[in-house]
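One structure coming up, written as structure tokens, with questions to follow.
As written, the chains take the letters A, B, C and D, and residue 1 is the first residue of each chain.
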Amino acid sequence: MLNVGIDIGGTKIAGGIVDPDGTIVDRRRVPTPADPHALADAVAAMVDDLVTDRVVHAVGVAAAGFIDASRSVILHAPNIDWTDEPLRDELERRIGRPVTLENDANAAGWGEFRFGAGRDVRDMVMITLGTGVGGAAIIDGELLVGGNGIGGELGHIRFERGGRPCGCGQNGCLEQYASGRALQREAADIAASGALGAGLAAARTADGIVPAAAMERLIADSDAGALEAVHRVATALGEACGGFQAVLDPALFVIGGGVADLGERLLHPVREAYATALPGYGERPVASFAIATLGNDAGLIGVADLAGGRV
Amino acid sequence: MLNVGIDIGGTKIAGGIVDPDGTIVDRRRVPTPADPHALADAVAAMVDDLVTDRVVHAVGVAAAGFIDASRSVILHAPNIDWTDEPLRDELERRIGRPVTLENDANAAGWGEFRFGAGRDVRDMVMITLGTGVGGAAIIDGELLVGGNGIGGELGHIRFERGGRPCGCGQNGCLEQYASGRALQREAADIAASGALGAGLAAARTADGIVPAAAMERLIADSDAGALEAVHRVATALGEACGGFQAVLDPALFVIGGGVADLGERLLHPVREAYATALPGYGERPVASFAIATLGNDAGLIGVADLAGGRV
Amino acid sequence: MLNVGIDIGGTKIAGGIVDPDGTIVDRRRVPTPADPHALADAVAAMVDDLVTDRVVHAVGVAAAGFIDASRSVILHAPNIDWTDEPLRDELERRIGRPVTLENDANAAGWGEFRFGAGRDVRDMVMITLGTGVGGAAIIDGELLVGGNGIGGELGHIRFERGGRPCGCGQNGCLEQYASGRALQREAADIAASGALGAGLAAARTADGIVPAAAMERLIADSDAGALEAVHRVATALGEACGGFQAVLDPALFVIGGGVADLGERLLHPVREAYATALPGYGERPVASFAIATLGNDAGLIGVADLAGGRV
Amino acid sequence: MLNVGIDIGGTKIAGGIVDPDGTIVDRRRVPTPADPHALADAVAAMVDDLVTDRVVHAVGVAAAGFIDASRSVILHAPNIDWTDEPLRDELERRIGRPVTLENDANAAGWGEFRFGAGRDVRDMVMITLGTGVGGAAIIDGELLVGGNGIGGELGHIRFERGGRPCGCGQNGCLEQYASGRALQREAADIAASGALGAGLAAARTADGIVPAAAMERLIADSDAGALEAVHRVATALGEACGGFQAVLDPALFVIGGGVADLGERLLHPVREAYATALPGYGERPVASFAIATLGNDAGLIGVADLAGGRV
């Protein structure tokens, strides 16, 4: 029972053959073509290349964007020029096998739930802190998909009324306060403020950015400014998790994406902020927090498993 | 297949025999005793009185508060002096039949989903605007219960950072901005501000309150101040619904509770505010909004149906 | 999760409170009234007496006869004067709790499947050798009920064309060749034939019957005539099992009822005859044979479990 | 959701693309190679030829013989030289898609249940009267597969103790009394007996056989001998159905295969014999009898549907 998982990212397409235990037994990677049709061709070619003479049941494809409730149409995508694109049918025609589409953050959440940090719970929320924020919710062992197919968009709840503008057309979205890009913004702000920002200021490039590598080094050195930047992001994330607890009541939050490499330096202040934002704190069970374990493969593994379970 | 539903409110206990179509074929009502044991006695006596010689399968009991994931223990209740109270076992001992506990807002949401405004959808959010705010989420036809049994507490998401203090121990909770009590507070504020508050000011009692009956009359007369109070509450509710859409993606929001008697005068500004807070508005399907149809019976009907489906 | 099980036999009604592990935690027994209404009264009284202050979910009632597919009407019963009797509704009215009817042999088969000799398999046939023959089939973990509710009547397949007349209106039924009554008949025939029947002849009473106690003693003493009587019954049973294998393909045959007290003395010749009647013997997996382990309680336990699982 | 169905017969392999309504949208047919490996090659080539650029989910393969409970190994086949042949794995390797094996008579029964004569019932028995007899049982909407995968072998229950020898190694099997071959045998016997056999005797060929075409003509002409031959076969079938009713209690018997072309001339005496062999006749519901409607395509359609439902 092998399935193929394909994760279409903004810069590269990653694909793999996934076995029933969630192990990737073979994998491929190519750059993401800009043209939608070239992209579909690239996915089909990668599937052919992976299948060879294997017995493959189904193909799952993860991509950023809104996908309809029938898992077949990309309603809107941030990176590719797709609007109401019937991608599933187009891929099935080229591949000749059943294809299932899923939002990339949902796929990653499902991967962690089935084979990663969440494999011992039934109710889980995953938050992927990359450049932006991806979210996924598992409710009583099922992926929350939503009546229109667009549930679990956790990065776009309003964190601050009248807050920072967001690319989604709203303002104050969590993504503007807790994400890789938000961490950069906080670092830049702290550097500009002088005082505890000296280390960050020294690391700034000419265009005012603190490069990720420099940021990591400063954090490792316990630079006060860098730690403050992390604290701001962790606080926003923890407060938001208090609200997710009120709505979804997970037993576990799994934090993934590049920012999650900070590990306990991130989780510790997240838990503190969560306690300040959880309704009824002290009179109810609280959730655990864990770092994701599948890394960048979570989406690929998750969407292969979802595809296998749906056909 | 008759079941008994009991709804324990702050001032009265309502009970009924509910048939498989959600119709109440017999009902009772008594005041809520203050003492927990007297309360359990009153529930048991009401069940006996309702059952008589009928063939009854199960008994459902709805109450405000946090209920554990096994549906048997009241972890914490706002109105009754219960902490970690094993109410299900206590009631089963007295009644001799299987008993299922459920949070009252969840029960009401389930009732509307099965037999009321939500009976044609699979994904629904219900918000009950009484004195406070109750919430319930139905995901793909199942009640969201949560890993600890406390999901769907929609009134306590943080609507405004650093906002008004809330009885739950947090601040800025939606309940402080969109509820019956919030409507009173907005009315009082507008009355105090002069200008468009003249009508409300004239209706104020000596203790500064605008009585509900006066409020209704002013709204019916299109009093500018009263309409502004409604608009503020509706705006908070609509913005919050934008966030619930991002997380839960329902096809329908059902608004119940006393404030919902305002009907379209409430829903119209709610929809407007929802549009201003929905991520990706214009590039995705939106939800419908409807007023609840079962009134105060929703909880009683819903918990009877839940009990019948669980044994 | 306690349930009540009631087994209505020809001479006595046995009832018990059954826990989720199939253990009888309390039990009662009364003679079976001849009048149907007195019988329903006796069942209702026994249930009341058993329940007292326990939390009981459902009541299962096992009886010999044809029961309709809705598990509510006795179409025809051999021992009680019932025709198209709506016994479930009548009992529910008196008891005030959900009642499930099931054929007694089906109930016994389910009991052995869930808690007795068959608890490790998914496909099982049970044959109860009492005065007559009762049958039950478990297919992939489910009780075979049949489109009209009357499946698993294994005692009435035609064992011999043009054979002995049967009380069911047919002839050659297995029940006439493999049952307690058939064992008596074979013993009487052998006794009458002289030769190896000397022991049986000596044990015969004035009315030509070999009493059960005498029969047991002779078998224990390896009396040639008594063993031949067992061999004839076992041969018929084993051959019939070959046919049941062709149709139902169980992994296990469970043999119960009074005749099953013979243990391996019965099973050994049953297996030999089975091998002579199994199509494709040698080219296919064969079933195991085991003696039932719940004795006379199998029906009571099984019907309580069925009732608990159905409400 | 297209699936491929392949029916491996003794002389030809039939294959088709089957849509979700059970319609064959494309089909192929080739002679059956004698060599097992050549046969697997032929099946793989036919699948490739059928799939072309279609989106195909799964491949079902029906064949005569005993198939293990995992649907992957041919334990024993009457026509092909297969013993413990892991055909599923072998085919999956060549085809690169999920393959499901099923016994051909079971596949045909499932096809009639889903799309043919049995589509309005939940409990059905199908008997295919070809050269031999194939059987299938549907219990509460599920195909009876059996604990070892070999259930529903209805042609090999013992119809007559000490009766005619059968190719399965037993004697008295139903197949020797009710099948195409049995009809030929009865016709030959009647021809040889003189008297009412005159018509049949005149139609006999030099080797003592009454050709099928001649048989059909005689039956159409109401030849007494030919009708007697049908009556004997129908009587055996009807009596056997009485026993199947006792065990499986179907709502409907579907009769298929070449002999079923006789239509009501066959069913009328079948129903009469069934009434003489049904235990409790007159005190219980009886089954209906119908002729199959999918003809030779039933197996191909059924196995494609089974394959689609299992992956």
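Criterion: a residue touches a chain if its C-beta (ideal position, glycine included) is under 8 Å from a C-beta of that chain, and two chains touch if they have at least 3 such contacts.
These numbers come from a predicted model, not from an experiment.
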{"item": "Other chains in touch with both subunit A and subunit B", "value": "none"}
{"item": "Distance between the centres, which are taken as Cα means, of subunit D and subunit A, whole angstrom", "value": "54"}
{"item": "Whole-Å gap separating subunit A and subunit C, where each centre is the average of the chain's CA atoms", "value": "60"}
{"item": "Cα-centroid distance, subunit C relative to subunit D, in whole angstrom", "value": "33"}
{"item": "Sites on subunit B at which at least two other chains make contact", "value": "none"}
{"item": "Graph class of chain-chain contacts, one of line, ring, star, complete, other", "value": "ring"}
{"item": "Subunit C residues touching subunit D - in the complex, by the definition given at the top", "value": "66, 75-76, 83, 121-124, 135, 137, 139-140, 142, 144-154, 156-161, 166, 168-170, 173, 239, 242-244, 246-252, 276-285, 287"}
{"item": "In the complex with subunit D, residue positions of subunit A that touch it", "value": "1, 51, 53-58, 92-93, 95-98, 311"}
